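There are two complexes below, and they share chain A, which is joined by chain B in the first and by chain C in the second.
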Partner chain A sequence: MAELLPLLAVRALTKHFTKRKSPVEWLMRVPPVSLKAVVDVSFEVARGETLGLIGESGCGKSTLGRTVLNLHRADGGSVSFDGTEISAMPEAAFRPYRRRMQIIFQDPYASLNPRRSVAEIVGLPVRIHEGASARQAEERAAEFLPRVGLSTEHLRRYPHQFSGGQRQRIGIARALILNPDFVVCDEPVSALDVSIQAQILELLTEFRQQRGLTYLFISHDLAVVGRIADRIAVMYLGQIVEIGPKQAILDQPAHPYTRALLAVAPRLKRRPGSERVALKGDLPSPLNPPNGCRFHTRCPVAKPICATLAPGITDLGAGHHVACHLHGGAGS
Partner chain B sequence: MTGPFLPPLLAVEGLTTIFPTRAGPARVVDDVSFHVNEGECLGVVGESGSGKSITFLSILGLVRPPGRVSAKRMIFAGKDLLALGEGERRAIRGRDIAITMQDALTALNPALTVATQITEVMLAHGRARSQEEARAAAIEMMRLVGIPAAANRLDDYPHQFSGGMRQRIMIATALACRPRLLIADEPTTALDVTIQAQVLELIAELRRELRMSVVLITHDLGVVVEQADRIMVMYAGQIVEEGACRAVIEDAAHPYTAGLLASMPSLDTLDRPIHPIRGQAPLPGPMPAQCRFFDRCEQASEACRIEVPLRPFTDGRTARCIRLKEGSHG
Partner chain C sequence: MRINTGVQSPLGLGWMRLQQNRMAISAAIVALVIIAAALAAPLIAPQDPNEADLFRRLQPPVWLGGEWAFPLGCDGLGRDILSRLIYGARISIFVGALVVLIASVVGILAGLAAGYLGGWVDRVITGLVDILLGFPYLIFAIGLMAMMGAGFQNIVLALVYKEWVVPCRIVRGETLAAREQDYVEAARALGASRSHVMLREILPNILSPVIVVATVRMAHVIILEASLSFLGLGVQPPTASWGSMVSEGREFLLDAWWVSTFPGIAILVLVMAINVFSQGLRDAFDPRMQE
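And now, the complex of A and B:
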């Protein structure tokens, strides 16, 4: 294989947030509560590959994406980018990597500064990372805009003058103008109308083909991820419960949670009612995750062992891994 | 299915809602006519700004000035809604026709307990004679929508519930008076996929149990496919296609419907390349006298530069496209 090193290697990554105490809690010396948003997560992304990361809100997928980019400091584990360990790097040393690792945000309304023109928004990365003057940065922005389907006449406009889809194009231009190697796409189409979603997915696919971009594509929508990803990782309450090639995940899902997600994914062909089994209950609070397998409280096939022992990871072959006792996962 | 001679529960003809904009009056709902049969689920599909929500707010009399609503005919359960005064309209709203909003957190009053919000509507419409009776009915309603430990949670506030549970509470307030028609406006959009499935399942169950008619307003064709008997597709304030759900999904007549279907990510069609509709929907405002989908349509020709009427073309289906002639399709 020509691919010697994965572009991104994440090992046992952990991220906790500590809940701020109220004055009353502080006075009463209530012990601090920590939210374990990402727990012991490991995966790799090969050069030019798209890894889809799927899960429901609150499962930690956005936190994982941001921790990988060093936007959150990791509390444990490591992130290695192109062979270099970056998670413990001081900000100054990390700068050269920052330009190679970018992010596209979910909400095109909240992620663009309303007081800056498109020229300033898209040109800013060029000014920061290449020390370009305002004028040079604007020229670069003008060159780049047509590639995301906007034109130079948009340069002087402000975010509120654009539709959601156009704003997302501005966000994409800002992320890609420095020609990065790796981009975290954090729910980039979730806030958009269906016809606009398809346009943005097509644009991201084009960039990947032209520039050999590597994506970590975060979404709650299995059908969207199925469109764009080569491999899929399924996350539940801070942990990856299944990861594997797209076809394996979609055709032979091994984890009961993945099966449940597939059962409720949007389809155009109506399925017989029996197939549509909705999961019972809500996502448990990540402040107080269940013992044992974190999914056992909602799992339709849970066994007694699932409530006490967290499953280890079972290798199903061909890069397909699952963390579930059904597959004989030894405890961890 | 209901018999062919039973009048529809709701029949609307020539509904038009106009808002003034800087560019001139915008017909955000433009000459919309449709009906909802007894016990039927009608899916209303369209993207943001298509007028799908405003259509139903107009019917309920919830459009405030400067918006102006007019219609040729608006009949609900044999009553002429246009002839009713505000008081009589109010008696129907919430009791016979109920609506659930997309965002349960904004639609519910954060300062009132859920008990107050569910019982209020029952007491206001005389469906309960006393507080005690209303509370008992509210617990029953919360149980019906699947809220665990309903009796204990009655005096909780909306923020104490999860997103899926809040949506259920809003459905409970809507169903408190056992309406004949439930208008569910994007009931699942703000929810996670596994919770979406639960809420849709709940609406389907309640429809069977309470024999309600349901209007399901959504941008998500996937939701409609599973639930609706008929669908109505809206674009820029107009109905562009209407017909039996299966028939429309399997063989869309209007290029916009076809484009929506091709845009929709679905696990059935992963091998098909993405084929988005180009451009974006027109902003509300005065429209040129031509097909409103003209700029985005791949099959558009000079002949499309006319106001295209909504025409029937084959068994019970209608569409707004000049390429369709009666009996030409299917």
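And now, the complex of A and C:
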């Protein structure tokens, strides 16, 4: 079978945040401080596939998700969506793509405008992209709400009248009402109770099956990603350190960081032979990342070379890639 | 309080809280009575406010031996003080409302642009704001009036030139905070235009502090207009304005205290009523602003 073009292809994507200098710093010629949130990240997502993106908080996974959607402008590299390069497009040219690429947010309290009714929130995409009147948009919202488990009687209510899970359903309705191809799910269940998490994951899975949606599913929770993802990418300090099919990552993790993540994930039965390796220390500051392999300061099996040379990518076969010297990666 | 009310929108909830605040409601009634009197001035004023009659010069109020036709006495030209107060309220309220309205519109737009667009737009607007803040308000207004000349239109302009800075700074600060909210990011992700994000997403969320401050500022502007009129830079005689009435009574302060005192009390009552009401507004619509 011929390999289909990936829906989303990210190449060497880089995003820096530069702190604006105060006049005093400018006078004293203090060098600009830049936070490298995403550094040289490449991956692809096939049509209909769900790629789980996992990593500690602060590792740049949300920034990556938002840069892919042009909510942040990339400082380097490229993003191509359905064969078209989008990261350098001016906003006006990119607007038609916005209906095809959507985002679901982590915090269901912050992501809904408290002054707008459900009808206005869910109807907004229809108004923007189909030029519908307020009334038409409300009708469309009313048709769509039952699909996310809400009813039309909720239309005139405001966000503060809903529970977290219901609010997340409103956010999902807003993202999916125009039938997008690709959705960034930015920790969509992290703020919810476990029982509600399952319902929301179920809802997302249903939509994927019915409409062939493609997800970039960002989470810090291995259990959640394990349930929904086809492939998993592991991110550390702005870089992807390992990527591969879900089973390969969960059963044969190659990178010491992935192994540490798996080891601390709560599990009913400990796998034989898996030792518990707790990571020491905190995530280093992305303002001043370590030289060589970014993980070497916390790596339990670091070698001298790790402190000086950044590892290249090693192909472990079957789409499983890792960036680690332990796997014979030559310097990049 | 939210249970079984039928009221759902955040504005509706604020309105309910306001109705339960008796101080604020009383103050609103006082202010409304003054506004109604100003509007109905030709109907309720007992005399022509500009008709001088030197035989009644400095005639005392009715309880000090005056007559009922001139209940609060007469000024140095024998004009009825009550009628002049009623007509003067028109100037005070109209200047206060107009200045605050124009300043709010300008300030909101400038503040939204500075806070949301950032970059050079922000630098130009904040620079302008900082320069204007460097001038003492009254001196600035006096200077402008001296340049432009006295008159109603010029008072409004002179006050607006600096007054817009107040809502602008508030809106800019609130916008900076609001633009980082996920709901703004969500609107951008949906392809909403910048004007939609600023006017439809951010503005409704930052409007309550602006409204609250606008009412406080209205009281302030009324005092400034009175000050300018007191200094003879305001509305020109014979048109009555509370500030110029206080000023005209200065000469007779020891012999005929009522000429200055009644317009002074009028300023005090209106300004206090507006301030108390705005406090109630703040408590009702913007609970987080309470100290």
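Here is the rule we go by: the second predicted complex is superposed on the first by the 319 of 332 C-alpha atoms of A that agree within 3 Å, B and C clash if a C-alpha of one lies under 4 Å from a C-alpha of the other, contacts with A are read in each partner's own complex, and residues count from 1 in each chain.
Basically, contacts are C-beta pairs under 8 Å (C-beta built on N, C-alpha and C of every residue); 3 or more make two chains touch, one makes a residue touch a chain.
Since this is a predicted model, take the numbers as computed values, not measurements.
*Asks:* Have a look at chain B and chain C on chain A after the superposition and call it: clash or fit.
*Replies:* Superposition check on chain A shows chain B and chain C fit without a clash.
*Asks:* Applying the document's definition of touch, where does A:199 land relative to chain B and chain C: first, second, both, or neither?
*Replies:* A:199 contacts chain B only, not chain C.
*Asks:* Put down the vertex angle at chain A formed with chain B and chain C, C-alpha centres only, nearest 10°.
*Replies:* In the superposed arrangement it comes to 80 degrees.
*Asks:* Just to be sure I read the superposition right, which of the two partners does A:303 touch: chain B = first, chain C = second, or both, or neither?
*Replies:* neither
*Asks:* Chain A residues in contact: does chain B have more, or chain C?
*Replies:* Looking at chain B versus chain C, the one contacting more residues of chain A is B.
*Asks:* According to the stated criteria, A:19 is in contact with first (chain B), second (chain C), both, or neither; which is it?
*Replies:* After superposition on chain A, A:19 lies in contact with neither partner.
*Asks:* Touching A:114 in the superposition: chain B (first), chain C (second), both, neither?
*Replies:* second
*Asks:* Just to be sure I read the superposition right, which of the two partners does A:135 touch: chain B = first, chain C = second, or both, or neither?
*Replies:* A:135 sits against neither chain B nor chain C.
*Asks:* Per the contact definition in the header, classify A:222: touching chain B only (first), chain C only (second), both, or neither.
*Replies:* The first partner, chain B, only.
*Asks:* By how many Å are the closest C-alpha atoms of chain B and chain C apart after the superposition?
*Replies:* 6
*Asks:* Give the list of chain B residues in touch with chain A in this complex.
*Replies:* It is residues 47-48, 162-165, 192-198, 201, 219-223, 225-226, 246, 249, 259-270, 274-278, 280-281 of chain B that touch chain A.
*Asks:* Across the complex, what residues on chain C touch chain A?
*Replies:* Where chain C meets chain A, its residues are 8-11, 181-183, 185-192, 196, 201, 204-205.
*Asks:* Taking the complex as given, what residues does chain A use to touch chain C?
*Replies:* Counting only chain A, the residues touching chain C are 66, 69, 71, 95, 98-99, 101-103, 105-107, 110-117, 124-125, 128-129, 156-158, 160-161, 171, 174.
*Asks:* Note which residues of chain A are touching chain B in the complex, please.
*Replies:* Touch list, chain A to chain B: 56-57, 163, 165-166, 193-199, 201-202, 205, 220-224, 226-227, 250, 260-270, 276, 278-280, 282-283.
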